[in-house]
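Next, two complexes with subunit A in common: one pairs it with subunit B, the other with subunit C.
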Partner chain A sequence: MNLMNLIYAFGLLLFAFVLQTSITGINRKVIARLQRRRGPRWFQQFIDIFKALSKSSTSHGWIFDFGVVMALGGIMATAMFIPIGPLQALPGLDNIFIIAYVLAVGMLGMAMSASGSGNPWASIGVSRALTNMLAYDIPFMVVIFGLIFAYDTSSLSGFAAIQQEGGILGWNIIRFPLGGLVAMISLQGMLGKKPFDSFIAPAEIASGPMVEYGGRHLGMLFLLHEFQTFVEVSLIVHIFFGGGATVLEYVVKYALIYTFMNIVSNILPRFKIDQAVTFFYKVPLALAMIQSLLIIVTGLGVA
Partner chain B sequence: MFNIVEDTQKTREDTRKTWEKIADYFRANSIWMKWYCTGCGAMEMPPTMTSRFDMEQLGMGPMATPRQADVLLITGYLSAKTLRRVIYSYEQMQDPKYVIGFGSCTLNGGIYFDSYATMTRLDHYIPVDLYIAGCMPRPEAIMNAFDTLIAMIKKGEAKGWKHYQDNYEWYNANQIHSLKEVRVKDEFHE
Partner chain C sequence: MSFDLLILMMFAGAFLAYLISKSNSEAGGISTVVISLISLVLLLLGKSQVGNEFAILYMTFKVTTIGWYFSAVMILVYSMTSFFNSYWMKQMLYPNAYNFLYLFSLAGTVGLFFAADLVTLFIFWEMVVWSSTFIVPLGKSRRAAVVYYTISSIGSMATLYAIMLLHAKSGTFIISEAFAWLATDPTMATIVFFIFILAGLTKIGIFPFHIWLPLAHGSAPHTFSPVLSGGLVKMGAFIAYMSVGVLPAYQAFSGSLKIMGMPIQIYLLMVLGAISIVLGTLMAIKQDDAKKLIAYSSVANGGYILIGILMMDQLSCAGSLMHLFNHAIASAAAFLTIAVVAHRTGTTKISELGGMIHRMPVTFTVYLISIISLAGIPPMGGFVSKWLIIQGLADKGLLFMALAAFFGSIGSFLYVFRPLAAVFLGQLAPKNYELEGATLMMKIPMVILSALIIFFGVFPRYILEVIGEIQSSIGITPIQLEGNAIQAINGLLNSYHVFVIFGFGFLISLAIFMLLQKSRKVGLMDTFTSAEFIHTPELYHYSHDFYAPFERLYKNHPSVENFLVNIANKFDELGQMVNALFFSHKPSITVFWITVVTAIIYLGGARI
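Let's turn to the complex of A and B:
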């Protein structure tokens, strides 16, 4: 690794920010059309973020401030490892364990900062968010372990390269439909979209962890959310949809998957947190176990 | 020597003004609101937010807490008890912040003007950037008011928050005159 890698990494962060923020904006338009509204302009999300960053903000102690910076830093560091199509800022480091591990730094920073605000809604929101994380991570990781067993690789670009050999029929979502289904449900949980958004719940717990954030702090949280979404959707694109042979292919897949998840989110109601956990430990975990057993015992679907 | 100092200050002032102008563009086009449902005015908000009038096309949206919001909507009459919470909410908001008073209740007490508990003029207690006439204003009037607010922010005229900072003694004296004590110990704030 040398200086060029770092420059590429920061370029990648800029690309990720512009990509995800534009797609969020377009999705706000899509949802508006779904509800027969006109909707905001496609670059509304950029305006929102820059506006939030231009306002003043209060601190609630140094843990509150430090947690936000740690969360944003952790998520940005994670995003640097993600390959975009064939491009990689830090080659050889796109291992799924590194990504899962560094992603947790961001999550914990967020939890620390929100609890540091001292607001009871924030504590409830954080506890729900971490419970939710525990619920979706286990089925997801069971499927991922199955795939790692099948392909003897744990790097994102490795997964993508193997799938690209077989064309569309080589995609893991086609080869392992049960695992793909589990991953999509888990992605819905990771993104915090309905029905798994009980930790945000604006009308019940006043937006949960975000309750005490305003101005610049809130702007940083919005940035963090864009990067986090980028990391999570990219994981699914690379592991289940064959990554991208070109950057354009990758961007198209990415946009379609995110839009699909968003539309699903907007036609569903919300689970209570205990319902979400019970659901994840019943249906997706069972499907994930079956999928992994099929891979390990019969080798069904493995090329 | 003296000139140089003056020039630097002038340049700094100019830079600040340019930044404010850029920031005002973003602030005008992305207004997050918190509405304080004190009266019947809150009833007019759901149609304004949803498909029929769709205020998201102006870049506006509801937020969950005062800290996240840019504009506070006072949607109806205020009693001594609610005014105290309005002041708490207003002071929690981050600068720059704006206030819109809905209907005749916030202007002069409306039909409750002669009650012992009604606050008849909102702008004695917090600075109001814009009033909407009516009892209650229909969504058309509300959308119109939002348009006006956007134009005011773009021109840099919505400076109520600055006025509150500069004239805090006056506002605070009014608050104390009506409420005796602005910050009280109660079950919400222990």
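Let's turn to the complex of A and C:
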């Protein structure tokens, strides 16, 4: 690894930002059409982020600032590990567990900053967000575990390469439909979309962790949210939808999956936090265990 | 210095500390620092002595890499914690006894790790158990010491029985010969394996022997909890390692029934490890006492260590041996920060604290670093070891163990965050406005431990090289390293690169933050309050029942404690009945016995 890798990674990071922010903007329009509104312009999300970054803000002490910087730094580092189609700035670092846990640095930073504000709404939101994480991550990890056993690789590019050999029928979502379903449900939890969005519940706990932020802090959290979404959707594209042989293929898959999740989110109500836990441990976890046992014991679906 | 002199010096040091404490207890506290630090330096310099054999009286010793590694972990934890000793002398009932036992138990562990025969092993084991038993009640509760001793003696007696059985069958006490003999006899190997490893299970705190950890860790003196959790618990890992690595378990069990590719004997113990992970995590989430919380997290981490050691393979075993070091330093550091808080505020209850970061920023930073490692998040050491264990499990396809490992791993985010949010962050109560932070003497060990946590997280190879030697010594493929990268069969981890990228991301983020408009600093009470007027900071702090919705889901869980208490009550009732029937002065009982005897004579008199 040398300086060129870092510059390359930074370039991909910018690309990821433009990609995800545009898709968020387009999705605001899609949702608006679902609700029979006209919706904002597609680049409204950029305007919102830069406007927030340019405004004045208040700070509740050094940990409040440090947490935001650590959170955005951690998530941007994670985003740099992600290959975009065939483009990969940091080969050898796209191990799925590394990505899953570096992502946690960002989350921890944000949780710390939110609690550091001294506002109990923020702490309640964080407590819900962590409980949510305990619910959605475990079925997802169990499915990934089965796949690692099947293919003896744990890198995103490795998964993508194996699937690309078999065309559409080689995609893991076709080979392991149960696991794919679980991963999609978990993705909904990771993205914090309905029905798993009780931790930001604006009317109930005043947006939870986000309650005290404004100005540059809020702008940085918007950025963080875009990168986090990019990482999470990319995980699914690489592991279950064959990644992308070209950048265009990757972007199309990415946009379709994100839009699909967003539409699903907008027609569902919200789970209470304990309902979300019970749901994840009853249905997706059971499916994930069945899928992984099928892989480990019978080898069903493994090429 | 050769290690026989080192062990003797440590025992002499214990007596010296006792004599110094007699005249001045705080000087005695300082003497524990000096003696344990000297021992640490001598041990680290003596790495080249691996392979030497020596004897003290009739006790024989052999310097092995694994013994050296465990001793290094143990002395490191002891020496770092000893910096705190002198501050607690006033609160101790018997300060001189504390200092003596502190060093005596340390010397005992080092002797244990180098023991070459089973009798020596047992003698030193008992030394440690007894000396630590007398330290625990110097804290809050005597009951904790009773439970600790009872559970420990289950292990001790089992070990003693296994040793005698092994000697009767194989005719030798020498560890390597006696264990090698077992490879030929699978039935005897199974029996000895289970009895011998029992001592390890009790010490690590594996379900159902976990009950002593929260009690003893929670109520031991604040300066001894780090040692219990970071150090003494690892003795159990050593016994577990001997039962699987030195005792050729996989060779002996090659003919047994296999479950998911594992011999049933090993798999059963792995299940216990998995239960410990889940149970430790769930219990830690609901604790209100910060020390008990970390104690339950030790139960969970003990589960990881046990599972990894039982695998005895290239990845998981290396991960496990590394994890015990990572957990030792991280949990010692976390306990030390709680000790600082307890020293200044007099409580370890999470719900009574808050906002400590504003009074003790260094302590907060140390706690933050230690929990990042405990939760297994990069770039700290805990991540590397958990990653190795999970990659090893994925290689073998041990799904149920992996399920527990994932649960423990994500669950640890929940429980380590709770003290962070409720003790260190949030509102600072007005009574604590003038609170002082850690003293310089307290900061030294905390900063050293944090530096080690980060260093071995970024450069894990310095530990993994030693672990590779250990693996080669018992004939398994050593962990494969290429520079800073760990090359597993099913994955690659270069933690140095991860660290660099993380640093790069952080710098970009910092640049964005610094370039933008400066923010206005406001107080903690200047927050969004839903238009309520709130003037009491303590009430505006979320710390009670932090995970209430989640805790509700398992509030009616079954508990081993209740089961054991019921058994104890039944036993007590039985005793009372015997007492009432045979040792009573009541006339009614006398009349009862006369009636019974007369009836027997009357009915069966002819035959008597």
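Heads up, the rule we're going with is that the second predicted complex is superposed on the first by the 303 of 303 C-alpha atoms of A that agree within 3 Å, B and C clash if a C-alpha of one lies under 4 Å from a C-alpha of the other, contacts with A are read in each partner's own complex, and residues count from 1 in each chain.
One rule holds in what follows: a contact is a pair of C-beta atoms (placed from the backbone, for glycine too) under 8 Å apart; a residue touches a chain by one contact, two chains touch by 3 or more.
All values reported here derive from a predicted model rather than from experimental measurement.
J.: Could you say whether A:206 touches subunit B, subunit C, both of them, or neither, answering first, second, both or neither?
T.: Once the two structures are laid over each other on A, A:206 reaches both partners.
J.: Is A:174 touching anything from subunit B or subunit C once the two structures are fitted on A? First, second, both or neither.
T.: neither
J.: State whether A:87 touches subunit B only (first), subunit C only (second), both chains, or neither.
T.: neither
J.: One more residue to check, A:40. First (subunit B), second (subunit C), both or neither?
T.: Once the two structures are laid over each other on A, A:40 reaches subunit B alone.
J.: State whether A:55 touches subunit B only (first), subunit C only (second), both chains, or neither.
T.: The answer is both, since A:55 touches subunit B and subunit C.
J.: Looking at subunit A, does subunit B or subunit C touch a larger number of its residues?
T.: Result: the larger residue contact count on subunit A belongs to C.
J.: So, A:263: does it touch subunit B (first), subunit C (second), both, or neither?
T.: It touches nothing on subunit B or subunit C.
J.: Regarding the shared-chain residue A:32, is it in contact with subunit B (first), subunit C (second), both, or neither?
T.: A:32: touches subunit B, not subunit C.
J.: Name the contact category of A:215: first (subunit B only), second (subunit C only), both, or neither.
T.: both
J.: From the superposed pair, tell me which subunit A residues show up as contacts to subunit B and also as contacts to subunit C.
T.: 54-58, 206, 211-212, 215
J.: List the residues on subunit B that touch subunit A in their complex, please.
T.: Touch list, subunit B to subunit A: 23, 26-27, 29-30, 32, 50-51, 54, 56-57, 59, 62-65, 67-68, 70, 92-96.
J.: If we count contacts the way the header does, which residues on subunit C are in touch with subunit A in the complex?
T.: 260, 355, 357-358, 361, 364, 368, 372, 375-378, 383, 387, 390-391, 393-395, 397, 399, 402-403, 406-407, 410-411, 413-414, 417, 420-422, 425-427, 485, 489-494, 497-498, 500-502, 504-510, 512-513, 516-517, 519-528, 530, 540-542, 546-547, 549-550, 552-553
J.: Where on subunit A does subunit B make contact in their complex?
T.: Spelled out, the residues of subunit A in touch with subunit B are 28, 32, 35-41, 44, 47-48, 50-51, 54-58, 202-203, 206-207, 210-215, 218.
J.: For the complex, which residues does subunit A have touching subunit C?
T.: 1, 6, 9-10, 13, 53-63, 65, 68-70, 72-78, 80-81, 90, 92-93, 95, 97-98, 101-102, 104-105, 107-108, 111-112, 115-121, 123-124, 126-128, 130-131, 133-134, 137-138, 141-142, 145-146, 148-149, 152-155, 206, 211-212, 215-217, 219-220, 223, 272-274, 277-278, 289, 292-293, 296
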